[in-house]
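Common to both upcoming complexes is chain A, partnered first by chain B, then by chain C.
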Partner chain A sequence: MSSLAILAGIFEGFRITALVTALGLLYAIPFALLFGIFQHFSKGPLRALVTSVIEFWRSSPVIVLLYAFYYSLPAFGIYLSAIAVGSMVLGLNIGGYGSQSVRAALQALDRGQSEAGLALGLSRFNVLRFIELPQAITAMIPTFINQAIQLIKGTALVSLITLTDMTFRAKEIAQLEYNPVGVYSGLLLAYFIVCYPVTIFGRRVEFAFGKSRQKINEF
Partner chain B sequence: MNALRAIDPATDKGPATGRPAVEIRHLSKWFGDFQVLKDVNLTVRNGERIVICGPSGSGKSTLIRCINHLEAHQEGEVIVNGTELKAGMKNLPALRRDIGMVFQQFNLFPHLTVLENCTLALVRAKKMSKAEAKEIAMRNLEKVRIPEQAEKYPSQLSGGQQQRVAIARALCMSPKIMLFDEPTSALDPEMIKEVLDVMTALACEGMTMLCVTHEMGFAREVADRIIFMDQGEIVEEAPPQKFFGAPEAGRTRRFLDQILH
Partner chain C sequence: MSFDLSFAIRIIPQVLEGLGNTILVTVLASFGAALLGFTWEILRRSAKPMRYLMRFVIDFIRSTPVLVQLYFMFFVLPYYGILLPAMFVGIFGLSFYYSGYLAEVFKAGIDAIPRGQYEAAQSLGLSSFDTIVFVITPQMLRNIAAPMGSYFVSILKATPYLAVIAVPEMLGSAFDVASETYRYAEPMLVAGILFLILALTVAQLVQRLEKRLMLSTRR
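Let's look at the complex of A and B:
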């Protein structure tokens, strides 16, 4: 089997890798925003609750979470597809990290920003929506792109719960071909091919937002 | 004595016959164990211009921040435009729309243009159309003589220009009272005058103003009353002539000696 054929074989799993990534982001982004904001604004028992949810997803090994949810939930009568479990677990794990970037970005904002908004008679929610979040999200973009790449790489783990992603395909081919060196080098290359464009995209986005971020820094 | 003064505060009680603009009674406030305000009493009539000065840490900024409830007080009453401010009150945003505030650090929104800084609260809090809001914003930017910068971002302006935009932004809400918290302290010396000129013009229009400032020239020219605070208390309260000419308290005299070199 030629290197190109191996790579083509691996990319048969791209659809699953991309699907788990995309669904994972659908979990990660809302989770990061909501829990980051809640953690920033809540106090007392509510904050403890929010923090424990974040820590559960952030501090557990992803592989353990995958097994736990994939193999244990049916015992409780909950049957989810491997795709559903994989994207949820990976997404919420990355979302847990993301929530900390959101909170840090909100905390880093000058208090004068929200004070100026409140003094103008804006509601607390509108201050968050129109003054704090736009600035926080701009400051967060580099971290966010990083976490998206982490998510793509993390999808390799779903091969362990029967999904035929790129890693699963590579294992299949390796067993058929007895060529682990060729196959796993091909797999490395395959993930690079997928992740590198995201890095470039990230740089573009950063550059596009660079102007306004520079403004924030100067300010 | 003062050509700027449209009405003589000694004889004229101002245009409004109703309640005073600000009534502060027995106001006390603590930051932890530290008492920043000690039984402060102050009444400001409509149209009156008050300058508050005093050494740093004397509580003067905290006092005016209590007037729009950016700081919550623990004891006493703060009544603004006839409504008492209380923690957790529902209509606080609406009350704050009648109280403009200008900060030492300008606090312009860096991700918005000058025009958007001015229209944000008009559109989002007063629910105006964008066109209407823009018209009001441009009128106020003209008032602070900076309409040509409307499409720029705050970081592209000088400090003096930024502070004038901040004044215009506050004026857009058509406030009844304006609070100034050391508006010129963060400015380079050559930019102080342009901001003071705008404030003086505002005073001449009869705006009710409370200014925390060390600009004694401005105080002498514009203020109806000057208040000197030290260690959380109002030590002296007098019209400019008396305040500079014959201050009663020793602490006031020492303070004036230090800043009027």
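Let's look at the complex of A and C:
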């Protein structure tokens, strides 16, 4: 098998890698926004509850979470497909990290912003919606892109719960013929091809936002 | 098969047998990652061809999954007749992956040091080696204690990856229990809870250490 044939074989698993990434984002983004906002605004026991949910998803090793959910849910009578478990666990893990950037971005905003909104007679919810969130989300987009890259890389783990993603395909090819150098270099290259453009895009965005923010300060 | 709580409690000591290795790998890989990452960053700050090479190396490390890097080292090295214990490959693999992230942390830490420090060192006649070791590094370490600490916690959370290359750490011992008893739900859940407790404890310790460091630097 030529190197190109190996790479083509690995990319047969790209569909699953992309699908798990996309489904994972569907879990990660709402979780990050909701729990980041809740953690920022809640107090007392409610805050402790929100924090413990976030810490559960953020502080457990993702590979252990994946195995624990994949093997334990059926014991409690919950039967989910590997793809559902994989994207939920990977997504909520990244969402846990994301919630911290949402909270940090909200905390970093100048107090004057929300005070001005309230003084204009906007409700607290509208202040959040029209004044705080737009600024916070702009500030956290570079971090968010980095976390999306973490998610793409994390999908390699679903090969361990029998999904035929790029890593699983590579292992299959490695079993067919004894060429570990070709197969695993090809696999590294495949992930690099997928992730590197996102890295570059993230850097561009960061640079552009840095510039626009400087302009605002000058103004 | 339903969940058996008494079985879950009974196997806790067996799963904990891997704890020693988990801690050992975390400590050694943290040292390795810091050392490698610092080397990358110093090389990235040297003359042109090296700078571009290191920029690429760091991006490559960060754009590929740690699981795939571990597979690469585990399967490719023996092909060239390099037979190393799995434990060594695992520690080196984690060091290598996180060195890419720590290089970025060191970059931020060094960037934060005022230019006057370099100029002062130069006018005092210090060699560039002495400048790095006695002027830059101590100030940098203080700047980056927080992010570096959180990457050490990340390394702890990445140690279960070594179970896939047959290093006997905590997830590995959970799998041993599972394959002896044909019950997966309980060992995986026990491993999950133990890892969560361990990660939260270490994160607390790191946070306390940071606070102390901050106090000692405030005048």
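The definition used in the following text is that the second predicted complex is superposed on the first by the 200 of 219 C-alpha atoms of A that agree within 3 Å, B and C clash if a C-alpha of one lies under 4 Å from a C-alpha of the other, contacts with A are read in each partner's own complex, and residues count from 1 in each chain.
Convention: contacts are C-beta pairs under 8 Å (C-beta built on N, C-alpha and C of every residue); 3 or more make two chains touch, one makes a residue touch a chain.
Note that this is a predicted model, so its numbers are computed, not measured.
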| item | value |
| --- | --- |
| More chain A residues in contact - chain B or chain C | C |
| Touching partner for A:L160 - first (chain B), second (chain C), both, neither | second |
| Touched partner set for A:S185, first chain B, second chain C, both or neither | second |
| Touching partner for A:L34 - first (chain B), second (chain C), both, neither | neither |
| Touched partner set for A:V62, first chain B, second chain C, both or neither | second |
| Touched partner set for A:L122, first chain B, second chain C, both or neither | first |
| Contacts of A:Q113 with chain B and chain C, given as first, second, both or neither | first |
| Which superposed partner A:T138 touches (first chain B, second chain C, both, neither) | first |
| Touching both chain C and chain B, counted on chain A across the two superposed complexes | none |
| Residues of chain A touching chain B in the complex | 110, 112-113, 115-123, 126, 130-131, 134-135, 138, 212, 214-216, 218-219 |
| Touch list for chain B against partner chain A, complex | 68, 70, 93-97, 99-101, 103, 105, 107-111, 120-121, 124-126, 153-155, 166, 169-170, 173 |
| In the complex with chain C, residue positions of chain A that touch it | 55-56, 59-65, 67-68, 70-72, 74-77, 149, 153-157, 159-160, 167, 170-171, 174, 180-181, 184-185, 187-188, 191-192, 195-196, 199 |
| Interface residues, chain C side, partner chain A - complex | 1-3, 59-60, 62-69, 71-72, 75-76, 78-79, 156-161, 163-164, 171, 178, 184-186, 188-189, 191-192, 195-196, 199-200, 203 |
